[in-house]
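What follows is a set of notes on a single structure, which appears directly below.
Order as written gives the chain letters A, B and C; numbering starts at 1 within each chain.
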Amino acid sequence: MYIKNCWYTVAWNYELEDEGLFKTSVLNEPMVIYRTADGGYAALEDRCCHRGAPLSKARREGDDLRCMYHGLKFDPSGRCVEIPGQPKIPANTCVRSYPVVEKHSWIWVWMGDPAKADVALIPRGMALDTPGFKSRSGFIEYDTDYQEVNDNLLDFSHLAYVHPTSFGASEDWAYTRPKIERLDRGLCVSRYVRNQDPAFGDKGTGKLDLWSSYDYQVPGVMLLHSHALLAGSADINNDGPPDLSKTPSLFTQYSCQAVTPLADGRSRYSFSILMPDVFDDDWVDEFWKGARQAFDEDREIIEAQYKVKLRTPDRPMIATSFDAGLGQFRWMIDKLIREENTEVAAAARGDVPLVNLPT
Amino acid sequence: MYIKNCWYTVAWNYELEDEGLFKTSVLNEPMVIYRTADGGYAALEDRCCHRGAPLSKARREGDDLRCMYHGLKFDPSGRCVEIPGQPKIPANTCVRSYPVVEKHSWIWVWMGDPAKADVALIPRGMALDTPGFKSRSGFIEYDTDYQEVNDNLLDFSHLAYVHPTSFGASEDWAYTRPKIERLDRGLCVSRYVRNQDPAFGDKGTGKLDLWSSYDYQVPGVMLLHSHALLAGSADINNDGPPDLSKTPSLFTQYSCQAVTPLADGRSRYSFSILMPDVFDDDWVDEFWKGARQAFDEDREIIEAQYKVKLRTPDRPMIATSFDAGLGQFRWMIDKLIREENTEVAAAARGDVPLVNLPT
Amino acid sequence: MYIKNCWYTVAWNYELEDEGLFKTSVLNEPMVIYRTADGGYAALEDRCCHRGAPLSKARREGDDLRCMYHGLKFDPSGRCVEIPGQPKIPANTCVRSYPVVEKHSWIWVWMGDPAKADVALIPRGMALDTPGFKSRSGFIEYDTDYQEVNDNLLDFSHLAYVHPTSFGASEDWAYTRPKIERLDRGLCVSRYVRNQDPAFGDKGTGKLDLWSSYDYQVPGVMLLHSHALLAGSADINNDGPPDLSKTPSLFTQYSCQAVTPLADGRSRYSFSILMPDVFDDDWVDEFWKGARQAFDEDREIIEAQYKVKLRTPDRPMIATSFDAGLGQFRWMIDKLIREENTEVAAAARGDVPLVNLPT
């Protein structure tokens, strides 16, 4: 079960070539996405309604797609506009289209009722070309459900064991409980890890207090901000967000990350880092190299965990106090799914007018 | 579900080596086929009745097969003729054998009641060594059900999109509806495609009318005949079969093709072309090269289509007017299956004597 | 279904490195095994009870394992002894541990009620370092159930067809019925094969009578002893165990073999040979080379047989007189499983106090 009325990231904007077709899948629904002449996007179900041939093998004809099996042609809305050799086109000759927009350098697809596809529901983020920043970005795919990746990102205690070298994380990460605040469709997770050795770009500053804080919003979108401060800064700020006028930042970065369920047991994990222009490229590259290594470390342990889960689906998981974040987030996703199902059931009974829900 | 009382092609005759065992599968039933000393063939279930070891790993001893696990020996009828160390052979010690014959250079196996295995039910065809012709032949296997391949061969409108270069097919193929006639266990599909540019071996003739006609019979056996005629010939012949005394043929070929369900989701597609001896080898080879490329093009789109079908088994297919042939043929196969099931059920009730139905 | 109250071999003792973790699976239950400082062993379920990460990726800390996802630490009994950042450890924070011992150079794991784990139930065997013997040992894995391997080892008539060269076995093996005696949890299978050509190390002795006898005990543990004797020895010994004072042994060997169900459809087959020190190394190596080849020959036919079985699970197997041994052994295993289930059911009703049955 997945939230349907939700925006899901499918790609970085630069992954879609001007004339090409981008083939992907969200919530088990294969689709093909492409840029249109007006600067927008079209996202169509990857299945011709005639004999089921995939439209990801179609030929582009302007903003339309021509199926390369028997030649049916579809416009960006999914309507069939030509059946070769047959003048009349029945009204049901169409394929599903999805609302699709670009924001924060990501392409987002809406999987539920198109009438509810409000771009204001896209979580906060930072475009790769945000002025004043240097950015790096990429993605990997996981053979796991997306929730296992969400779990990972909502409990940074794993840094102590999974990323001791790539992120230079000490075991203190496993002993530092974050502050977790509720957002409208997510959580905000913040912490100081005190008195750490510098992991990157040691400038002779001595010990550091590492502050980090991130929004984590459904279905799995993170905007993280972190500062390295002189040791003692956490106390000066009373464990709250740093006042940089009192406790100057020695190092800072933003990171945008998003997890998308491509299908059951298959996920896409997109990520970027952004650092102020004042940092030189070597430093950005060094940090990025560590981050890439860390993402592979995550994948390795999460895929191993997921294999165990597939084998033992009925075994309980014994919670620890560090599961607070992931537990709340799973509860939030389940609640949104339940509400959607209630709404759909009510509409089926006739209690509620159901507008435009795709079938 | 498949038609049981039916001949299925399993191989070209040259694929069976004199002393070798040919391992294959038809309708999910693995079998081993070999030539016998009398010039005939034997086809046995690929499973020893003792402990289930495959007979495709057996040792030939004359016309018999010796299982290479514990040494049971079977004759071409499937009867066990020796159990090492055990003088008495119980009557039920046997493996299933299948009626098997050679015709039109193909080896055919009958999958139903052996008493009904009438060679007259083998569809029309042309042997590879038909006097007066040069032939080429081959086969490929598909990761699809056989019906998807039948569908493809019963709707040549796909030539316009799948084979624009390999067969040099213009988009006119997608706009030209064929004449479809009912045969006893199949269809005859005929058409002219008018006013086409020569695709192979242009001899400065100008535009051509392309006539083609094929039998397509259960379970999926095609005998195709085609002529390239001077433009205008279709009108002279009133869209009927060409009278070559009035409209001489500039190019002609026959093609035999057969689709066999090896198993659910796995098919074998055999094909040949035959051209009159007057055509030089280069021309035959050039045409054959295009045909081989075209068969791979078919496989690519059909396997892609089949993957979509596996994923969306309950989604409807919206018919177009070009689906007439494939629709009738699927109906015909379903009807034969229904009739067989009715007959078996009646026999089970005792209404009808059931002779020799293999168990 | 498997016998639970039973010792299963998981490895040769030399497969466990001093500081390493040995990852395996028995009866579909993945586990991790390691040596402890006291010279013993620990065997833990390969699943952290927190979020399910595999403990085979854990870090050893002395005799404890630290899960490398979030840092929970477990002792050799499976008890959690540390949750980083959480002082209180709930009592249910533990993973399953298995009784594990070393005997006959093998590591054995007990899969049932720990209270019943009596080392006296380990079948007879010979350690690789038995004084007076040279030994060779190894293992292979099979894509079959373990019962197919048991079947193979309980019917040596297959030697005639599967191992004519590797073991130099003549077809007489397929015509010689063994004597089969019942043991407490197994069978003893003995035979002479008379008047055979020497297969290994011909010393100009002329024809030989080959005597062999083996214990075969649940779940699939063999201790085999064989002698090559001068032709005529079988008669002198009245087909009984050879009296070596009357019929001297020209060649003798022991072999220990064990089959372990790693999982449904996946088995481990371990084997050794032991020959008296008087045999020179070349001869031992030559015999071992043949044995290794023979084990691969077995694997090939058994895996082929198993594939057929998976495809035709409901087809009967027609028994021959040579199936007596495997038939009795399968009956014996089924009986032990039935008895265990009866006992568990009675305990569930409260008829019987059930002690320590792992959940």
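As a working rule, a residue touches a chain if its C-beta (ideal position, glycine included) is under 8 Å from a C-beta of that chain, and two chains touch if they have at least 3 such contacts.
The shown structure was predicted, so the numbers you read here are calculated from the model rather than taken from an experiment.
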item	value
Type of subunit A:subunit C copy interface by residue overlap (half), same or different	different
Relative orientation of copies subunit B and subunit C, as a Cα rotation angle in degrees, nearest 5	120
For subunit A paired with subunit C, centre-to-centre distance based on mean C-alpha positions, whole Å	49
Numbers and ranges of subunit B residues touching at least 2 other chains	none
Parts of subunit B lying in touch with subunit A, wherever the complex brings them together	151, 155, 157-158, 160-162, 171, 174-177, 301, 304-305, 307-309, 311-312, 315, 317-323
Contacting residues of subunit C [partner subunit A, same complex]	30, 46-47, 49-54, 57, 59, 66-72, 83-86, 90, 92-93
